[in-house]
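Chain naming follows the written order as A, B, C and D, and within any one chain the residues start at number 1.
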Amino acid sequence: MTDLFLTERLKPILEQIKTIIHEDIIPLEKNGMEYFNQIAEIIHKNIRPKIKEKGLWGLHLPQSLGGLGLTLCEFGQLSEILATSPFGHYAFNAQAPDIGNFELLHQFGSTEQKQNFMLPLSKGEIRSCFAMTEPEFAGSNPVNLGTTAVAEGDFYVINGHKWYCSSADGANFAIVMAITNPENPPHQRASMIIVPLETEGFEFVRNISVMGEKGEGWMSHAELRFVNCKVPKKNLIGEEGSGFSLAQHRLGPGRIHHTMRWIGISERALEMMIKYALSRKISDTETLSDKQVIQHWIAESRANINSARLMVLDTARQIDQKGASAVRNEISAIKFFVPKIMHEILDKAIQTHGGLGVSDDTILSHWWRHERPSRIYDGADEVHKTALAKSILKSYK
Amino acid sequence: MTDLFLTERLKPILEQIKTIIHEDIIPLEKNGMEYFNQIAEIIHKNIRPKIKEKGLWGLHLPQSLGGLGLTLCEFGQLSEILATSPFGHYAFNAQAPDIGNFELLHQFGSTEQKQNFMLPLSKGEIRSCFAMTEPEFAGSNPVNLGTTAVAEGDFYVINGHKWYCSSADGANFAIVMAITNPENPPHQRASMIIVPLETEGFEFVRNISVMGEKGEGWMSHAELRFVNCKVPKKNLIGEEGSGFSLAQHRLGPGRIHHTMRWIGISERALEMMIKYALSRKISDTETLSDKQVIQHWIAESRANINSARLMVLDTARQIDQKGASAVRNEISAIKFFVPKIMHEILDKAIQTHGGLGVSDDTILSHWWRHERPSRIYDGADEVHKTALAKSILKSYK
Amino acid sequence: MTDLFLTERLKPILEQIKTIIHEDIIPLEKNGMEYFNQIAEIIHKNIRPKIKEKGLWGLHLPQSLGGLGLTLCEFGQLSEILATSPFGHYAFNAQAPDIGNFELLHQFGSTEQKQNFMLPLSKGEIRSCFAMTEPEFAGSNPVNLGTTAVAEGDFYVINGHKWYCSSADGANFAIVMAITNPENPPHQRASMIIVPLETEGFEFVRNISVMGEKGEGWMSHAELRFVNCKVPKKNLIGEEGSGFSLAQHRLGPGRIHHTMRWIGISERALEMMIKYALSRKISDTETLSDKQVIQHWIAESRANINSARLMVLDTARQIDQKGASAVRNEISAIKFFVPKIMHEILDKAIQTHGGLGVSDDTILSHWWRHERPSRIYDGADEVHKTALAKSILKSYK
Amino acid sequence: MTDLFLTERLKPILEQIKTIIHEDIIPLEKNGMEYFNQIAEIIHKNIRPKIKEKGLWGLHLPQSLGGLGLTLCEFGQLSEILATSPFGHYAFNAQAPDIGNFELLHQFGSTEQKQNFMLPLSKGEIRSCFAMTEPEFAGSNPVNLGTTAVAEGDFYVINGHKWYCSSADGANFAIVMAITNPENPPHQRASMIIVPLETEGFEFVRNISVMGEKGEGWMSHAELRFVNCKVPKKNLIGEEGSGFSLAQHRLGPGRIHHTMRWIGISERALEMMIKYALSRKISDTETLSDKQVIQHWIAESRANINSARLMVLDTARQIDQKGASAVRNEISAIKFFVPKIMHEILDKAIQTHGGLGVSDDTILSHWWRHERPSRIYDGADEVHKTALAKSILKSYK
């Protein structure tokens, strides 16, 4: 692994986190991913206190909030390590969508919003969700939204239908994207509004069964309805009509979070592939690792991960230095470049493990299933490729 | 679709089966794949009687057993239609592993074995399983087997550990591969023995959780143990030491069954992709089907399926004419050629469906998960490629 | 190789042709592809007389013209064998574009055109070319043509600029696509006109240097200009405005010819890969053929060629039975399916040969270069994929 | 393009070089690659003096020799710009194999060798070649060498057969790899010896025709024989038996040179693809750049090049900091990672250009042909993948 982006302060933290992941988190996997909520319970009771004790709570928080005040490029490197187990981010309270909601509120929330929503989030006291995607409209065209928030006195009355609201099950509040200003130009019609989930008119339709699992709690993806759901106007984040602009802000660092997570998954899968290949006997004198085809999978995976990590961390560095909008092209590129690599590695790792690889006795199957959406959410591969190409073509005109 | 292998007697049967699949089977999918056993129940009660009424019971059976007496090449074409829904084969009692066990007993079983095991199987009164793979030994080397069957008077005493015994949950008997003649040359050491599952010493360890689901009943994959499990010698199929030879016999037509099933799945996935692309609006004037990238996926999928179907049916035709051992190369080729095509199409179909594609609201997710093993069982892709290459190289020496 | 499409009369011819290719044609390759015209000379003097003697002249001709009267599906199988050397088709006078021009004149030519142009062509006395593509217009839109043929009394006066007119160098006549009826709907504007190349106003601009070689004679691709080039109206093929319709007729069987040629090339490249891998020592005990990666290339190539051949021959069979317009989709599919496979095999064969593979000491380099256009001419891959997809989508609307 | 590795001193040099490439070098391409030696002549007479005038001579030389004293990472970035035309490196006297021979002599040559061979090389007064590969032995096993250098008094008598000695035609001397110590362990048997090409016993067999061109002068690849070729012992570079060790030293930076060259080629091909797509009309309102498939090629190419550049420059940085042997894995990785990307882009660029793309009217065809060997020389892709995998596997044992 390159040391190109490693900083002095990062080194000891990386080591500490690796230790926690290997000693405390990965052993939980043996309980089986199906008992996810029990594992979440163990993490709450046993692991999070330990993390706080070691001063590692708040990896992503600014120092003003008791965090480490890392740059995005530094946090990305930690994020990779956290991602080597599906529970890593959760243990450190750095899980999506809470981390994105935190960042949004930290940058754009009112004092009151910060007090009531951001702080409890940063302490891990509550969870949250994000309600943007709608089943009736193609995600590739964010201008089309059916959900409306109509002003009524000091309130917005929200009506709409959302799905893939990850972690809504058990969340305290949702940040909801809704049309507030239909008269505006397309990209200035929507706003983001905080909806506490005890609000009347909020309907939890179901946890969508995704890739064979309904999930529950944090690890779930809900379908929601808002039926005359009334929230105070002070729950508006930023300005009316700023919804898409905020979404862009949320997505920039969010893509670094996602892609570094995928790199962590890729590294773990590669390591599993290597270890299994070394241990699996295929004859008295040979193991799977002696097979040239397996060797080439290992070599190609190694090269691919290295290239992906450099792409993402260099993009993070540039976001730190110039802001996300200056590297929109790079952000598009990593969004489709990294999942492809992760899927190839997961596929090879499963293939190497044979029957064991398709069973739930390893976590490979979990990732094969629950990372398939990575090529779809936050903009399908195809959408990002088109966006990148159009931006390049424009620069030549 | 080519009419190259269509026979006169096949045409009306194909039409009838298509009707049943579309009118009776596909609508069951909406109940959700998670309630598989309830669906199995509905099939038993409502669908199978209807099939018998229409004279379509026993698609794969010889006429002597009340079946249609089709060639393998003809049956393959039916099998494709059955496979367009995960319940199709089951409705017609043509599901693996029963169909393979039936064929084995029909060709090599004793009169008593046929009476006691094959006939109830062909009538759909009982189910069966096949116990060959062992977790401790790489499947790519079938000579390594830990399970033994030691002769004791008129009995064999079986000890061993098996997994991926599909449909063992609720089965009446297993056909077990075990070493009976350790003194023989490697390929003549094992035998196939029928083990009724009420026999003492048979231990059902668990349904293995595979790709997120333990499953149950027919749709499950069990881990089994045999501990001093005593069965009469008359339960031996064929000769002592003929296990591998029988396995080869079982696998030849078995690969036609599998590959035609994968072609059926591919066709359904392609059709879903086309229909969804046509219906999904991405702007006021365009649907997904107007996107060139989607169009190319459709075109490539169409060409790939066509090529795969011709490969498989031509192989089936040759098995019918010359026997499986004459086309061992072709059988190896289809075993790795077809799953690759199916996976690419499933991937594109999911990607086209976006969020819906990764949910369990369509059957694409079911196949994405439960057909991943297709590249592993009955010999991993890599094993078949090596086998084919070695056979070709040998012919040049 | 499958025997599915083999006919009784074909068997002995196939064997005879194989013998000629191996004994007479392939040995010519050692003279080096750069001396192509000398090889053409040898073929004229030594090989063609021998072929005529054996009664094998006119593989593609109807019996009425002294040919074998084979179906397209039968001829396709011969064509594959001819293509295993770049001189095979030429030796048998079955080379493009003459074979296509022959077929066109045979179906649609006037008695006089047959007498003056088709007969000498079928006897190998003259060569011809086909002038359709224009550098100024994208080939993907055949409606755009700059070349015009304006009626003047009993003559057409042709003006235009053409390129990629294969074999124009030394040809006796060209069939030129030109706009005769600009007032018609787009697809009825062009006509095909025979232009003897001694006509005044015909300008041979250059043999285009393609992939490093200008070539000469039959193996060349010319840029041509027609400047007030006056030809008698009786040189019109078929009706005025029928140019595109004739082009479609020409292309149907033409695609069988091309794709079977690519299959022949693929077979030869695979055979070269196998033989070289078996002979190349990499250690005292091993040859390249012992490497698993090479083995997998061999296996994948074998499967791919088998699938491609079945696709093409089944399409040829259907053209024979139903005409080309009934299987337009299948014709589109093979046009992009087969070149992809050929290129992968050529790439692997070159890689296996190492330094030798990129030299001109084998014919692999010739094909690597001169078959790259296969994915471009007669409609780029992308054009055919779009056409196939649109046709499929239409059938679902 | 990332600015990650850009240094202050590099910026103005990069700009100057870009200007020279665009104003002076690229226009030469229109003369056609076939007239390479005439172009070389123009460069000698017109371009090199201009370069010297501007103080840009010796981009790769240490300051002590009048060069710029750049790091490898800095030079890599220049090298990319040079490579955007096939003549760029040559214009700056930074062409292979001279640059590698220079580096070797600079590090390991005796004072006399530096005086007689290195200095004239660095001034561009002479050219040189490197004779390692032998047709009789697989390059993947460098221990097998047939060429011997037997000590006789103060001389070595060299006998052997070499090929792919690039630029031997017109070179002043060769560095020849020959077995001097057959009694040593395998990796200590060979030595590198300078052979002036006027030496008796040196036989220039031929310029090998590669991908359709024999080439001449610098752009050629020779087959050579050494028959009792007698050179003074002082022509030995370093110690007897150090040949492989020197080869390793030569290859480390050499791979940065090659891979950065391939990145430059990729950038130029991508730019050509973009510009052509923007200019090529496919209808009255659309150009090729409006096609989604072309857009995706552009986006994927952009992402791929970015990732490759980061990989290579980070490897160069590490060589600068820790030496090549510390990053042997990274060097293996870029050797197979970058050519794959370059070939995909060349393929897409050709496909976008259609008929023009396969002609020699653009330089795409030149690269399609003459960069195909990039996946073979200096170790085939497969050799590097295996080497990388074995090194990784070893670290886990």
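A few comments on the model shown:
Just so it is clear, a contact is a pair of C-beta atoms (placed from the backbone, for glycine too) under 8 Å apart; a residue touches a chain by one contact, two chains touch by 3 or more.
In this text the structure is predicted, and so the values were computed from the model without any measurement.
Compared on C-beta pairs in contact, A-C and C-D come out with C-D as the pair having more. The greatest centre-to-centre distance from chain C, using averaged C-alpha positions, is reached by A. For this pair, chain B with chain C, the centres built from the Cα atoms lie 43 Å apart.
In terms of their C-alpha centroids, the spacing between chain C and chain D amounts to 38 Å. Put simply, the C-alpha centre of chain A and that of chain C have 53 angstrom between them.
Annotation for chain A: residues touching 2 or more other chains are 291-293, 296, 382. Listing the residues of chain C that touch chain A in their complex gives 291-293, 296. The part of chain A that touches chain B in the complex is made up of residues 32, 34, 133, 135, 138-141, 163-164, 208-213, 280-283, 288, 291, 293, 350-351, 354-361, 365-366, 368-369, 372-373, 375-377, 380-382. Note for the complex: chain C touches chain B at residues 2, 4, 274-275, 277-278, 289, 292, 294-296, 298-300, 302-304, 306-308, 310-311, 314, 317-318, 329-330, 332-334, 336-337, 382, 384-386, 388-390, 392-393, 396-397.
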